[in-house]
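Shared between the two complexes below is chain A, which has chain B as its partner in the first and chain C in the second.
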Partner chain A sequence: MSKEELTERVRRIIATAQHLPEEKVTADSTFAELSIDSLDGINILFAVESEFNINIPDEAAQSIRSVRDVVEGIARLLAEGPVRA
Partner chain B sequence: MNRVAITGVGVVCALGHNSRDFWQALSKGRCGIEPLQSVESGSLRFPNGAEVRTWDASRYFDEKEIGMLDRFAQFGVVAAREAVADAGLQWTPELREETAIVTGSCVGGQTTEDEGFVNLYRKDIPRVNPLTIPRTMENAAASRISLEMGIVGPTYTVSTACSSSNHAIGQAFWMVRSGAARMAIAGGSEAVFSLGFLKAWEAMRVVSPDTCRPFSKDRRGLILGEGGAMLVLESLESAQQRGVRIYGEVLGFGMGSDAFHITQPSAEGPARAMRSALSDGGLKPEDIGYINAHGTATQANDATETAAIRKVFGTHADRLQVSSTKSMHGHTLGAAGALEAVATVLALHHGILPPTANYNEPDPACNLDVIPNQARNARVEFALSNSFAFGGLNAVLAFGRARR
Partner chain C sequence: MVWRKKPVTVYPFPDFAAAMGASAGVLAYAVRGPRSTLLAPSVYRGSPSRPAIALTFDDGPSESTPELLEILARYGASATFFQCGANVRRLPEIARDVAAAGHEIGNHTDSHPRLYFRSSAFIYRELQAAGETIQRVTGYRPRLFRAPYGARWFGLRDAQRRLGLMGVMWTTLALDWKWPAPRVALRLLKGAQNGAIFCLHDGRRLEPRPDIRATLQAVREVLPKLLESGFHFERVTEILCPKKN
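Then we have the complex of A and B:
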């Protein structure tokens, strides 16, 4: 999967989770800009983990603050291989 | 208005099955957090908890009674029995009518409920234990205490997440102070260790993968605990007439709501509750020598609580001694306020302040004297005990050393 495809999927997940139109969530958006608080952040990570079948470690979770952070975090974890379901 | 004395305490938790063992552990800074035994290792992101280990219900209840009581209720009842014996109470019909019971619990008999669900949803057993409802209801401990002791006075349970017990003790305090009740048994109990409930906590990413380090820069979250604690409250006059040992007094109770966020704390809400407890007790900030903090060891709580304390106490905050005993007995949710009330009262009584255990590194955002790792001999006259719950519900109790 290319970075562009991954970014599209992440944008869609975040837009759905936050009940926002997809156009509002850009590849450059930060969570602060999208009014995503810590609880919203956890819900988004939950959706991302389910969609990509990955396990995001807690420390990583705490430093994710933008769409780009999410995309890069997923790319790193996917490169490490699939996790048991 | 009566002055309200504390004449009996009872505790069951990871640090011991009675208040003496509890105090021993606190005064030695001994931590009760260990690898979980109730769930399979590896099933959770966090391996540790503050369980009540080696709990043998048959020491306290017969078989039929065990069938009626979930673990959470067992803890509450045993703690109440200890507190009542500790206070040297002799029940008379009048006293039974004039005693209140107010307990706190967050999720009541959820371990019973969980077992029932496993049977129903997983094992296709279409019947659940017919005693499921009386076992799971949050008031099960209060009702059982009433039943056992024949107490017919005002009896109820408060459920306000992590502030439940503080709210319960506060309500009981106001009843005895106003004379609405001659005596009260107040506290709370909680049993959290079933996989489903633990998974729910795991999903919030607030539980520490190692241990509980309140206020430490390297803190990684809370550690869950279970247990129960009860206090006997009566008017000072009544305690003096009976000639019993007085541990201390409840002086004030303050509460409020953040109206900020459903899980994130604000500094203003907790500050308001602390000011309210002080004013209810006729105390000034400078009177306080020790605070038993809510101190869950989440990044959010400890920094926010520090900010709230500084708002209320100003420069006096530099002279306060503040510790979180959750570092030793874990976060017992609905029982937290009760365990911490007993810890605070015993600290005043013995002149020893329990430490914040597992403390490694100062955090500039938590710039208070947190009594790191070692208990301290200190004669303190007045103390606060804080509970700041999910849902923004804050409850603070003010205590005083026993004075002649």
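Then we have the complex of A and C:
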């Protein structure tokens, strides 16, 4: 999956979760700019996990603060491949 | 019907953390129960690194809620109340008192139905009606939801998403509706741990004037002991999303 496709999917997830027009969510948007708070962020993580069929460690969630953070984190994970539980 | 659990793919935390960047972000620590996300996303505990416990009370408000508020105030304890819309309409002043005391209010449906085998439209209406009632009466828009009986069903995920609600389960179910106070208290003390979410009840479904003496007595007994043990009490949002120092 290209970075552009991944970004589009993440933008769509966030726009849907936050009831925002998709064009308002850009790759450069910070969560603060989108008025995404902590609880919203948890909901977004659930949606991301469901969309990409991954399990994001709770500790890692604490450092996410922008759309780009989400995209880059997922891209790197997908590139590295899964680790057996 | 064949149930299939989503294959769990675990990625190493350090790599993910590095990918996400090291600076503080806005997302919270919350342990999310993988098994509980099948029908709707939900959290069930807070960070295990902080000695905080979230007291939650379902099925209120009831005529006995004010007495519970007094006990909580005595110990400086914040809590989260998952209220039913029908009970809020019956006792609006008490619902407002809960909010005015600084407690968090969550959505516990309008009429406390079992959600299983119900249509998606029914589930949505139940959550929407309760949310509207709570907001109209207390001015507080619930962002947390707890399913009656903890039972969730197809359609709940979409309803939660549309209404912006996060599901909340628990680490310890007090069984306070059927056990005597000493047994409830013992169960809570055994369940005390960092990030715990206790589920108690300040009502009994939609029953007027419910007998919640076991709940009140157990809370009276447990709160000072937990404080002595070094725990403090937070609302669910705080235990999920602790403010950084």
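Rule of thumb we're sticking to: the second predicted complex is superposed on the first by the 81 of 85 C-alpha atoms of A that agree within 3 Å, B and C clash if a C-alpha of one lies under 4 Å from a C-alpha of the other, contacts with A are read in each partner's own complex, and residues count from 1 in each chain.
Methods note: a residue touches a chain if its C-beta (ideal position, glycine included) is under 8 Å from a C-beta of that chain, and two chains touch if they have at least 3 such contacts.
Keep in mind the model is a prediction, meaning the values are calculated, not measured.
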Please work out whether A:61 is in contact with chain B alone, chain C alone, both, or neither, and reply first, second, both or neither.
-> both
On the superposed three-chain arrangement, identify whether chain B or chain C touches more chain A residues.
-> C
Between chain B (first) and chain C (second), which does A:39 come into contact with in this model arrangement: first, second, both, or neither?
-> both
Name the contact category of A:17: first (chain B only), second (chain C only), both, or neither.
-> second
Based on the superposed arrangement, let me know which partner A:26 touches: chain B (first), chain C (second), both, or neither?
-> neither
Can you list the residues of chain A that meet both chain B and chain C?
-> 37-39, 42, 45-46, 58, 61-62
Interfacial residue positions of chain B with respect to chain A in the complex | 45, 203-205, 209, 220-221, 261-264, 299-300
Note which residues of chain A are touching chain B in the complex, please.
-> 37-39, 42, 45-46, 58, 61-62
Chain A partner contacts - residues on chain C that touch it in the complex = 6-13, 15-32, 34, 37, 41, 43, 143-144, 161, 164, 166, 237, 240-241
Residues of chain A touching chain C in the complex = 16-17, 19, 31-32, 36-43, 45-47, 49-50, 53-65, 69, 72-73, 75-77, 80, 82-85
